[in-house]
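Presented sequentially are two complexes of chain A, the first with chain B as partner and the second with chain C.
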Partner chain A sequence: MAIVAQSTRRGRISRATFAWIVGLLFFFPIFWMVLTSFKTDADAVKPEHLFFFTPTLENYLNMTENYDYWRFAQNSIITAVFATIFALAVGIPCAYAMAFNPARGTKDILMWMLSTKMLPAAAVLYPMTFLTKSLGLFDTKFLIIVVLMLINLPIVIWMLFTYFKEIPKEIIEAGQMDGVNTWGEVREILIPLAWGGIVSTALLCFIFCWNEAYWTVRLTTTDAATLSKLIEGNRAPEGLFFGRLSAVSTAAVGPIVVLGWFCQKQLVQGLTFGAVK
Partner chain B sequence: MTKWFEEHLPKLVLAPSFIVVLIFVYGFIGWTAWVSFTRSRLLPRYELDGFIQYDRLFDSPRWDTAFSNLFVFGFLFIVIAMILGLILAILLDQNIRTEGAIRTIYLYPMALSMIVTGTAWKWILNPGLGLEATVRGWGFEDFTFDWLVNPDMAIYTVVIAAIWQSSGFVMALFLAGLRSVDQEIIKAAQVDGIPTWRVYTAIIIPAMAPIFLSAFIVLSHLAIKSFDLVIALTGGGPGYATDLPATYMYTMAFSRGDIGQAASSAMIMMAVVFTIVVPYLYSELRTKDD
Partner chain C sequence: MGSIVLEQVTKSFGETQVIPPLDLTIEDGEFAVFVGPSGCGKSTLLRLIAGLEDTTSGRVLIDGADMTEVSPSKRGLSMVFQTYALYPHMTVRKNIAFPMRMAGMSEAEQEKRIMAAAESLNLTDYLDRKPGQLSGGQRQRVAIGRAIVRDPSAFLFDEPLSNLDAALRVGMRIEITEMHARMKTTMIYVTHDQVEAMTMADKIVVLQAGVIEQVGSPLDLYHTPRNLFVAGFIGSPKMNFIEGPEADQRGATTVGIRPEHIDVVEGPGEGIWSGTVGVAEHLGSDTFFHIHETGLAETMTVRAVGNVALRHGDAIHLRPREAEMHRFDAEGLRMS
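Up next, the complex of A and B:
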């Protein structure tokens, strides 16, 4: 429920209009980027062609033909999907144990793991590059999946934990009375009950993996390079080729924007780390 | 056997990730700390040599810029994103029928990667291509908006892009907070004829204190992570005007071949994070569950 100053019909409509105008402002940079992606590089830099131009698919064709977009996209999908699955596979039993079987110290461990996320990743980059190169793991999908999983694991566990905590302990205990084993409890009781929360967590983890640029750009060259690397590679230092860069960026964020629109509830739940239920 | 297994499940599940984090985070930090006390340049050397790297660091004007940028950027970004998020939340909390869709649109930037955000804003802020050129094209020849290439103002463009990215997120947090405030108290205040703005400042906002804390933690986390945003938006330039400690460190380690400087700047960064952020994180998580 909201507190509303005056609830006249006109007041409500004008507030809604205002909220939509702000929404358009918010969406404008994305809109501008999508628009630019349909312009030639020459049109893209001409202000008089801001809204009026001859749309072209040249940038997208160029991207798929000369830049091997699909290989980068495939790498992005594979690494993000597997990292999310593994993070959930470790996170669900972990959060389950902490929510229903708490041992002393587990929460401290979790807090400690969360706090490591605050440390500047730059401090770890140099030794990490050094080590992965000498182990022969540099530029492999395996490495990227492991890294993506590990950096998101603390948040995944934390979010799942907040959802699991809301499930009454009695339900789990009733299952134990009936002689269901741990795996059965997780599969038959916990997962169905917390399904919404698990989906939101998975979506958040997927988005974070998909967007991750720090590690994926710096720990890959070609074989495991993701869409972030493709954008990075198209950033001409002089700031030229905006049409092409916009097309690459649009193609990289498109899946997230579309996915997010169809899973609005999970997107909001996930992006607010479960604060909005 | 199964009993033992069930009892120790939490530890068993946590153990591998615990060990990996232990090695990767602390092992590497330990290595960085050690190297920061050596004369390492292009390759790491391991003979300790006192505070020489820190002396060089504090003598470097570039580090001065990077270090003060962190505070300018962090402060403005966190404060403005919170204020804007609060205003947007109050706006959306006015019985707007299409609230769900608007909320998603406000949140969208948060779902974009920082390099895409940087790219989109680089376009808009570029004086020759974006906003300035467009407004001039409409006939306002004197319109100037060249922050991106102005060394004194460039850091504020990073602030703008970062605020755009996360104020929708703050809005969603605050919106949830507004809904959780006890409606009885608000109704009572309204019955007493207290003006709406007083209801907000005296009752609702104080009741949302824990949410301010959560927002602060996530935003400071983002501020520390904005490395990619700076790289994509300004590349640290013009010159080194928008360098942050993270980009300084990256430049030293990977393009200047000065590992010692990189390591010492990383240690200073770490010290800042520990003194400012970690205490908040701990107090927040502890009070939440006790």
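Up next, the complex of A and C:
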């Protein structure tokens, strides 16, 4: 007995150590970025100033004065919020139909949707740029909303489908027997019962939209430019201004990290597809 | 009002035909029970009537109107599920009110009916609880409450009592039967338990592999089972089947006799069967014997009234009542 207890305790300690190492490994770049954002551009590249330097707010003040951080942030919020709303508006009915009225091809459709995520985005870069420019949609928020919604739709539908699957079919059928129409079923039964799952899905979708950089950088110039674009813009044209770049990056990921911190529980549930109860 | 007619209804899941062409009429106000072994298609048949499954072919008529293509929400039927299927996010009150709210009934009328239903189902003290805070029996009552409040043209029950313990089951069985006697609304009740079927039904529909083996009143089925399957399925303990010389002698391939139609007698003699007691179950009111070595069948079951003081290993002598003997031909069909 004692040996068993000891070995499980040792197992627990080694697991905890491992988790800490992985955690620190992931956290270090972020820590470094935040640290660098308080250094002058000169200090930022000197190894002897890695931990010891005179902190400055210069980078942050510069950013709000010269780059109009708030406009980029506003675009990020608008595009991520609307893309998430539309993804749910399409995803909920879609996942509902597939979960409760599966047809012969339902499984294949789900796989096919996921497979679109395997297409390299670069493969459609030229057609997308050409098409959006000729349609006059280039650098519009509308375009970014549609693109963000479309690239996240497969994962949104998959997640919702998994949550809806957990609702016993009889409850939906009881609703039908009780005289509710399809819209009522969704509003009165499905959404309240899957609320936790829907919130997790929405959060994750929002975060993915916020962090998206490939299309938001390439399909915008100014009007629809998001925080990803701001980071990108600070990297390329002006050389190695690491201090400033770090400040911009910190300001870009800041809001989402705070959001993630407050919604940890929902997010873990979302990422594990409800497997952790 | 709620007569239900199935005309040449079939149902296939993919390639497998679960219900071959089937005709059935259930009269308005009748208590019909679908009974049969597990997997024989009882639930499927009920769900076809409810509209929760589409028919593969054939027609479903409710009150004379063709409802084959009508959605379940518009058929005017109520259903009670085996798993209760209550809305877990709503209180008992809201659960019961739900179908009325969907029908757009006035708040005052809803409240009146909720109170009446709660009263008759002993739920008055639980109206503000969620289903998760109720016992199995209470949940089942809520499910019934939700079904009765909107005056459906018929009630459909799918094994509503099979998740309850034995004592509660008997109580609820009586409550549902009384409810039917009071409301006189058509009810279709699915069960695999022949005792429930016998005690509750006006009309029993015996199913096997999607085929109706017999339709009739409980006593019809008891006295004149149409074939070996019905004979063996209805009645408890099960009917004894005997093949060989005893059957030949009576001009049949198989003869059947119920345990309660065999008398225990003193000694051997002409037309008396003899064997050894395997198990004797003394209930006081009755004694059940499981008898071996009769040379007639593996085990014979006999029910004797009162206490008969025979035990394991004792010799026993039996006289079957000739008039109660059922005769079946080579196809297993009843011979008149």
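To be clear about the criterion, the second predicted complex is superposed on the first by the 244 of 277 C-alpha atoms of A that agree within 3 Å, B and C clash if a C-alpha of one lies under 4 Å from a C-alpha of the other, contacts with A are read in each partner's own complex, and residues count from 1 in each chain.
Following the convention adopted for this analysis, contacts are C-beta pairs under 8 Å (C-beta built on N, C-alpha and C of every residue); 3 or more make two chains touch, one makes a residue touch a chain.
Just so you know, these numbers come straight off a predicted model, no measurement behind them.
J.: Touching A:Glu173, do we find chain B (first), chain C (second), both, or neither?
T.: Touch status of A:Glu173: second partner only.
J.: Classify the contacts of A:Ile189 with the two partner chains as first (chain B alone), second (chain C alone), both, or neither.
T.: It touches chain C, and chain B stays clear.
J.: Taking the superposition on A as described, I'd like to know which of chain B and chain C A:Phe27 touches: first, second, both or neither.
T.: So A:Phe27 only meets chain B here.
J.: Of the partners chain B and chain C, which touch A:Asn181 in the superposed model: first, second, both, neither?
T.: Both partners, chain B and chain C.
J.: Looking at the overlay, does A:Trp70 come into contact with chain B only (first), chain C only (second), both, or neither?
T.: After superposing on A, A:Trp70 lies clear of both chain B and chain C.
J.: Mind working out whether A:Ala121 is in touch with chain B, chain C, both or neither, as first, second, both or neither?
T.: After superposing on A, A:Ala121 lies in contact with chain B but is clear of chain C.
J.: Which chain A residues are contacted by chain C in one complex and by chain B in the other?
T.: Chain A residues touching both partners: 181.
J.: In the complex, go through chain A and note every residue touching chain B.
T.: 1-5, 7, 12, 15-16, 18-20, 22-23, 26-27, 29-30, 32-33, 36, 44-45, 47-48, 50, 90, 93-94, 97-98, 101-103, 106-107, 109, 111, 113-128, 150, 153, 181-182, 207, 210-214, 228, 231-232, 235, 237, 239, 242, 245-246, 249, 252-253, 256-257, 260-261, 264, 267-268, 271-273, 275-277
J.: Which positions of chain B touch chain A when the two form their complex?
T.: Listed in rising order, the residues are 2, 5-7, 9-11, 13-14, 16-18, 20-21, 24-25, 27-29, 31-32, 88, 91-98, 100-117, 119-124, 126, 128-129, 133-134, 136-137, 164, 168-169, 172-173, 175-176, 178-179, 183, 186, 190, 196, 199, 204, 211, 214, 218, 220-221, 224-225, 227-228, 232, 235, 245-246, 249-250, 253-254, 259, 262-263, 266-267, 269-270, 273, 277-278, 281-282, 285-286, 289.
J.: Per the contact definition, I'd like the list of chain C residues that touch chain A in the complex.
T.: Spelled out, the residues of chain C in touch with chain A are 50-52, 71-74, 77-79, 81, 83, 85-89, 98-99, 102-103, 146, 150.
J.: What residues of chain A sit close enough to touch chain C in their complex?
T.: Within the complex, chain A contacts chain C at residues 168, 170-171, 173-181, 184, 188-189, 192-193.
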